[in-house]
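Here subunit A shows up in two complexes: once beside subunit B, once beside subunit C.
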Partner chain A sequence: MTAAAVGAGLPRILGPIRPRTRWRETRLLAIVAASLVVGSVSLALTSQVADPGESHGLSLANPLHVAIYLGLLGIAHLVLILSGRRMDEILLPTAGMLGGISLLLMERLPQTQVVQSIGPWKLGLGDVQLAWLVLSFGLATTLAVTVRSDGWLRLYKYTWAAAGVALLLATFFFGDDINGQRLSLTIGPISGQPAELLKVILVVFLAGYLSENRPLLVEESTKVGPISLPPLPFLAPMAAMWAIALGIVVMQRDLGAALLFFTVFLSLLYIATGRVGYVVVGVLLFLAGSYVMYLLVPTVQTRVDIWADPFRDPTGDGYQIVQSLFAFGRGGLLGTGLGAGLPTVDGRLPIPAVHTDFPLAALGEELGLIGVMAILGLFLVVVERGLRIAASAADEFRSLLAAGLALVIGTQAFIIAAGNLKLIPLTGITLPFISYGGSSLLVNGIIVGFLLALSDRGVEPPPPPRPRSRFARLTGRVARLETPAAGRAPIAPGPSRRSPPAADDR
Partner chain B sequence: MDPFLLTVWVVRLLFLGLLYLFLFRIARALVGDLRAAAREPGAELGRLVVVASPGGEPEEGSSLALDAIATIGRDVNNAIVVEDQFVSAEHAILTFRGRAWYIEDLGSTNGTFVNGAPVTEVMPLGYGDVVQVGQVRLRLERPRPARARR
Partner chain C sequence: MTATPTPTPPPAPRPTRLTPLGRTIGHVGLALTVAFAGLALGAGYWQVVRSPELTTDPGNPLVISAARNVVRGVIVDRDGKVLASNKRDPDTGQPYRVYSSDAFSGVIGYASRQFGTAGIERSFNAQLTGVSNGNPIGDALRKFELDPYDPQKLTLGISSRLQLAAVDGLGSDRGAVVMLDPRTGEILALATTPTFDNGAVANPNTAEKAFGALRVDKTQPLLNRATQGLYVPGSVFKIVTAVAGLGSGRITPATTFPQQPKAEKDGLVVSGFRIHEHPGVPSRSFDLMSATEWSSNIWYALAGMRTGGEELASFAGRMGFGNQIDTDLPTAASQVSGGGPGPGGFADEVELANASYGQAKTLVTPLQMALVASTVANGGILMRPHVVIATAGRGGIQAVAPSQIGRVISPEDAAAIAAAMQRAVESSIGRQFTTGAKVSGVPTAGKSGTAELGGSGAPHSWFIGFAPVQNPRVAIAVIVERGGRGGQRAAPLAGDLMTLFFRINK
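For the complex of A and B:
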C-alpha cells in the first residue's frame, strides 16, 4: 500500500482529522522534558564524582534512552492533538513524569539486575524498562484514541469477571513459583502477572454491577442488630469479593493484591451507595479475615512480625525493610542526588528487590524527602484527575469506572509506599509507573488510556437503561426506586409561565 | 568549595526544582478547572431565598435558582415573578458579571433596597445581602454545588 493510500484510508477509519491544540499538555510536557534532561545530566555528573568505593556498577546516563522516551511522549502528544478530541490534558504529562523518573532510576541501578537477551543483543535493566515504557504509552495512546464506546465492557461484565477468575485459577495451577509466591504465568514466549490485569477486570465488573444494582443496594431491608443492610441477595457479591481476596492470600500468598482488591472494592461500593455502613462492615470483615489469616498462613505471620519489629532479625527476615529505612534516613531532606545513593553491602545491593518492590526507597535516598513528596504528589494528581473525570462522566457506569481505575493506581501507590516506610506490613506490589515490570507498566498504560478515553466529552452517549437484573424483577421494588432522585424541577413550557421557573422542589 | 561539586549540587537541586515547577503548574491548572466547573453551563450561579412575602407569591421560605440574568417584577415574563401591589411590572434586574452579582433598579415606582439602602445605580451585591422590592424581601445565597445528585 502506498503512502497516499494510507493517507486516504486513515480518515475513513478514524473519521476526518480535525486537530485540536492542547497547549496545557504541551507546556507540561515541556517541563517533563526539561526535568528529564536535567535529571540525566545530574546522573552523568554524579558518576564522575562518585569515588570507586561508593559506587557499584553505575551506568552512565544514556542520552539515547532519554531521547527515545521524550520522542515517544512527543508522538503520543501529537496523536492526541490529531485525534481532535477534548481529552484530559494533565494525565499524560503526569504519567510521563513518573515514567521518566522510573527510567532515570532504572538507568542508575546496576544493569545486571535484569538481563534479557533477544537475538544478538543483551538488554540491561534500563533498556528493558524503556521498551516496556514505550509499549505502555503506546497502548495508552491507542486506547485513548480508539475506544469510542463502552458497550463491550458494560454488557459483558460477567464474562469479564469469569475471565478474571479463570486467569487467577490458571495462575494457581500452571503458574511459576518465585519466592514461594505463585504470581506469574507463562504461555509460550509470553510471561506475565495476571493479577495486574485482574485489577482492571475487577474495576470493570464492579462498575457494571454497582451501576446496575445501585438503587437496590441503597435500600435498607435486612436488619442485623443496629445495622441495616440491603436485601440479602445483593450482599452475595460483597461476600464473594471478601472470599476472593482471602483466597488470593491463601492460594497465592499475594497479600498486596488482596489488600488492593478489597480496598478498591470498598471504595467503589461507598462511591456507588454513599453508605458508611458498608465500609464499616467491610473493614470489620477484613480485620476478622486478616486475623484468621495471621493465625493460619505463615507468610502473613512473617510479614506482620517483620513489620512489628524489623530490627529483631536485621540481617535475616527484616533485612530489606531495615535497609529501606536506612536508605530513607541517608536521603534526609534533599537526598544524596541522583546516582549517588545505595552504598553496597559486601559488593551486593542492600535491597535485592529495589527495582520492583523498593523503588521508593531508592528515590527516597537519592531525591530525599522533597523528592518523595513530589512523587506522592504526582500520584495524588492522577487520583484527582480520575475523580474529576468520574464526576463529569455521562452516566453511573463511566463514573464508577473512572473512579475505580484512578483509585487502583492511588491505592497501589499508597500500599507499597507505606510498606516501604514501614507504615503497614510490606506487601509485594509494584509502585505504579515507576517499578520495573512489564505487566505492571502495561496495565498502567491501559488505565491511563481508559481514563483519557472516558474524559472525552464528545464520546458516544451511554446506552439507554436496560431492564433490571433478574433479582430486581423478582423483588419488584424497582418501580418505586426508579423515580429519579429529587433534582432540578422541570420547567414547563406552558403558554403562560405564572409560577417562577426553577422553584425549588426540595 | 570545589566548583565542580557545586555544579553537581546545582543540577541536583534544579531537578527537584523542576519537579515542583511541574506540580505547581498542574496545581494551577487544577484550580482553573475547578473554577470552570463551578461555572458549568446550566449550573446555577446563585440562589434567592424568600425572607418575607406578604402576597404569597413567591412563597415565603422557598429558594429560587438564578441564571446569569434574573429580572424581578410583577409581569409574568420576569424570571422571578413577584405578586405584590407595590412592585412594578419590571422592577429590578440581577446580573452575574464575571465573579460577582450586581443589582440595578429598572426605574421602579417604589424603588429597590439592598440591606435597607436604596439602589440608585448598578451596584454590587454580596452573598447574604437582602434585597427588598415592595414588601418582598429576598436574600442572595451561594449556589448549591453543581453535582448534588446523590
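For the complex of A and C:
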C-alpha cells in the first residue's frame, strides 16, 4: 500500500499512521471538482457575453480561486486518508459542494459588496469568502483528525454553557452597534458573531444534560390532579438555560437565532424523551410567546406585517422580500444561468443583502428551480449523514450531540430558505456554508469537524454511565464509598484515557 | 484487560419506557424532510406558478432595466400601419418612443423612462421589451440565446381610420367611442377625448414638462374615459333591463302593464316617489317593441320591478357589471346599484325602478355599454373584448384567439331585443330619438340615452347600437359629455362611424 509507505515516512509525533483509503469520498470529490469547473467556465462565458469586446474562448471565471478551493478540498481529503480513521465519506464532499457554490456566487456578485484591506492588498467579496472557506475547512479537518475524546465536552457542560452566556452578555454590553442590533463583538483584531458559536455550545450543553437525565425526564413523577407532568425539578435547569439564551437573543432582536435555538431545543428534547407532549407544550408556549412579542416588540410586528403582504409596500418595508420573490420568479424552472441574473438598475443590485441573507434567491434566479432543489437536497444529505451518525453513535451523549449539530445545519437552512420564499417571516440568519460571513462559516466548519470525528466508532469508547441524579447518587453512595473508582473504571484502558475525579463541576 | 471483579456495579438504570434514540432521531429526520419538501413546493410555487406574473411586474428590475435599454417592439394597427415606433436620443443613445398620432393616446398610452408606462404600453410591457413572450417554454429556454431580449411586435385590432374619425367626431367635446366586432370581441376603435401628446411624455427631453401639465389638467386627459370613465347611462341602460327581464323569464316581448295608461298622465307612484315620463309619449299600454321605440321610462320601470333587483344585477353581472372587465386595458367596474341592503344591492323599490331606465345610482363605462350592445348583437353570447390581436417575435407570430366569456341570454331573446332596437333606430317614432344613427342601406339597431345629471347643465348624450341587425359585424357605444339628448350628438356620430365601417369593410 503506497499510502502506508507515505505514512511510515512521517515523523512519529503524529503517532503510528495507518492510512485508510476513502474511495467513495475520492469519487464524490471528483464530481464536486468537475461541477465547480463547469460552473466557473459558465460564469466566465456569461461575463464575456455581457462584455462582447473580449474573446469568446473557454476559460475559468477566476482560475486561482477555483484552484485554491479544489486544492483545499484535496488536502482535506488526503489528511483524512492519512489519519486512518473510519469516518463518514459523504459529509466532506457535500459540504465541499455547498462551499463551492458559495464561492462561485460570491465571485459572481459585485466584488465591492465587501472590501477588506490587509496591508497593501485590497480583498473583494470573493477573496474574503475564499479565505473564510479555507479556514473553515481547515478547522473541520483539524477537528476531524484530532478530536478523539469527548470528555472535555461532556464533563464541562455547565462551564461551556456559562461561557456561552457570558459571551452573549459581553456582546450585549460591549458589542458593535449596527442598526440597533448588537450582534458582533470585536476583540483586538478579531470580530465575530458570538450567537453563531452559541449554537454549538447550546447543543453540547443540551446533549450532556439530556443524556444524563434522560430516564428521569421520561418518568411522570409530578401529578397535578389528573394531568401527569414531567419531573419539574429536572426540567428546570435546562429550561432556565434555554430561557436565558433565548431572552438575550430576543433582547438583541436576533429573531432568526432565537427561532433556531428553540427548534433545536425542542427537537433534542423529543429525541431524548420520545414524548410528543413536550413538543406540543413547547410549540404552544412558542406560539403564545410569539403573540406577546408581536404585540409588544415593534420589530416583530413589522416583520410579520411585511410577511403577510410584502406587495403592499413593495418599494419600502417589503422591498427585500419582494425583490427576493422577483428573483425566484425570474429564475423559473431552469434559471437564467450563472452570472446572467440579478438585473441592475443604475448599477444597483436588486437585493442589497444578497450575499448574507438572500443567497438562495440569487441562486434560485441563476440556477432555477432545479438548482434550488439540488441545494436543498445537499442540505438534506448533510442532515441525513448527521442523523445517521447520531443513530449509530456509541452512547447517548454522542447521539444527541451529533443529532443536535446536524439539526443546527438543517434547521438554519430551513429558516432562512423559508424566509426567502415568504413561507415564514424573514429573519436575518445565514444560509449554512453558502452565505458570506466568517463566524458562520467557521461554526459550520466546527460542526462538520465534530460530525466527522463522531462518525469514527473505532477509537475511543464513551465513558461508562455516571450516577445520573441527586437521587441516584444518594442511593449509590454506599457503593461509591466501597469502591471509589467503580463508576469510572475504563472499559478499554488506553494511554490517552483520562480519569478526572475532580472534573465534576456540577 | 485487568478484570478486577467489582462487587457492586454502578447503579443500573431502572427499566423505563425509553424509546430507542434511533427511532426518535428517525422521526425528527422525517419531520425535517417534510419541511424541506415544503420548501421545494414553495420554490416551485414562485418559480413556476407565479413566475410569469412576477417576471412581468412593472416593479421588477428586469422590466425596469429592459425598459431603459431595449428598443421596444413596434405597435401597428389591424392594417399594418405603424402607430408606435422608436427613435434614439442623439446625446445618450438611449431609445425612446414616438407615436403616429395623439388619437391613439388613450388606448396605446405611453412608455416613458421617467414616468413609467400606461395603456397597452403598460399591459404589454413585458412583451414589448422582450422580457417575456408569453410562452412558458420559450421563456424557459431563453437562457440559451445569446441575446435574451426578444421584443415583440404588437398588432392591434384598432382600425386607424375608424379611430381617427371617432376622435375627430368627438371634436372638442369630452367623451368616448368604443367600436368592436361582436363576433370576436376585437376592439376596432377605442377613442377618448381630450387626447394628449403621448409622444411628448415618451420623449425624455420633454417628459417632465408635458407630464406635469397633464397631471394638473382639469379635463383629465390621462383618464381613459372609454374604459375607466364612469357615467350615468340614462336610457341606454334599458337594454340591460330588457336582457335581464327576458333572460330571467319574468317578462316576455309581449308583456304589457295595465296600470301604464293612467301612469303616463300623472306619473307612476312607487313607494311615494313619482316617476314621470318624458313629454310626448302617448298614454297607452306598451310592449317591449313600442316601449323601446318610445323609450318609455314607465314601462321599463315596471319591467325592472317585475324582474327584481336580484335578477337585474345577476344578468348585468354576466355582461361584466360589478367587476373589472377582463381585457387588455385597466377598466373601472360598472355598477347597477348603490350597494344597498336589498336584493341586487338596491336600497329600495324606488332605486330599482329608477335604475331600470338608467337614472339611479347606476354607473357604467362606455366599454361596458359596448359589451351590452355586443351581447345582443351576437345572439346572446358575450365575447372577451381585446385590443391586441397578434404578437410577433423571433419565434413567429402568435394570434390571439377570440374567446367567449359566456352566454347571457338565448338567441330568441336576443333577437327580440335586436328587433326592438331596430325599431328604435328605423321607425318614424324611434328616429326622433336616434336621429342620424341609421346606416343607409344597412339594417341598423340601437338605443339612445339622455343621462340627466341634475342641476342646470346639459345631459350626457349616449348611443349604443350595432349593424347589420342580422349577423352584425360592428357594435358601438358613444358618449358625449354634456352633449345634450342622445339624438343630438351621440346617435349621429355613431351613424357616421358605422357608415364609415361599412365603407371600409365592403
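Just so we're on the same page, the second predicted complex is superposed on the first by the 430 of 506 C-alpha atoms of A that agree within 3 Å, B and C clash if a C-alpha of one lies under 4 Å from a C-alpha of the other, contacts with A are read in each partner's own complex, and residues count from 1 in each chain.
Here, contacts are C-beta pairs under 8 Å (C-beta built on N, C-alpha and C of every residue); 3 or more make two chains touch, one makes a residue touch a chain.
This structure is a prediction, so every number in the text was calculated from the model and none was measured.
Using the contact criterion defined above for the overlaid structures, shared-chain residue A:41 touches subunit B, although it does not reach subunit C. When the two complexes are superposed, the chain touching more residues of subunit A, out of subunit B and subunit C, is C. With both structures placed on the common chain, the touch criterion links A:170 to neither subunit B nor subunit C. Contact with neither subunit B nor subunit C is seen for A:162 once the two complexes are overlaid on the shared chain. In the overlay built on the shared chain, the residue A:334 is in contact with subunit B and with subunit C. In the superposition on chain A, A:378 makes contact with subunit B only, while subunit C stays out of contact range. Of the two partner chains, subunit B is the only one touched by A:97; subunit C is not. When the shared chain is aligned, no partner comes close enough to touch A:243: not subunit B, not subunit C.
Touch criterion met: A:274 reaches subunit B and subunit C at once. With both structures placed on the common chain, the touch criterion links A:391 to subunit B and to subunit C.
Residues 49, 274, 334-335, 337, 368, 384, 391-392, 487 of subunit A lie at the contact with subunit B in one complex and at the contact with subunit C in the other. For subunit C in complex with subunit A, the residues that touch the partner chain are 1-2, 4, 6-11, 13-14, 16-19, 21-29, 31-33, 35-36, 38-40, 42-44, 46-48, 50-51, 53-55, 57, 59-62, 64-66, 68, 139-141, 143, 146, 148. Subunit A meets subunit B in the complex at residues 24, 27-28, 31-32, 34-35, 38-39, 41-42, 45-46, 49, 89-90, 93-94, 97, 274, 334-335, 337-338, 367-368, 370-371, 374, 377-378, 381, 384, 388, 391-392, 485, 487-488, 496-504. Across the complex, subunit C is touched by residues 49, 214-215, 218-219, 267, 270-274, 314-315, 322-323, 325-326, 328-337, 340, 343-345, 350, 364, 368-369, 372-373, 376, 379-380, 383-384, 387, 390-392, 396, 399-400, 403, 407, 410-411, 414, 417-418, 421-423, 464-468, 472, 475-476, 478-479, 482-483, 486-487, 489, 492-493 of subunit A.
The touching residues of subunit B, when paired with subunit A in their complex, are 4-5, 7-9, 11-16, 18-23, 25-26, 29-30, 33, 37, 44, 58-59, 62-65, 76, 79-81, 147, 149-150.
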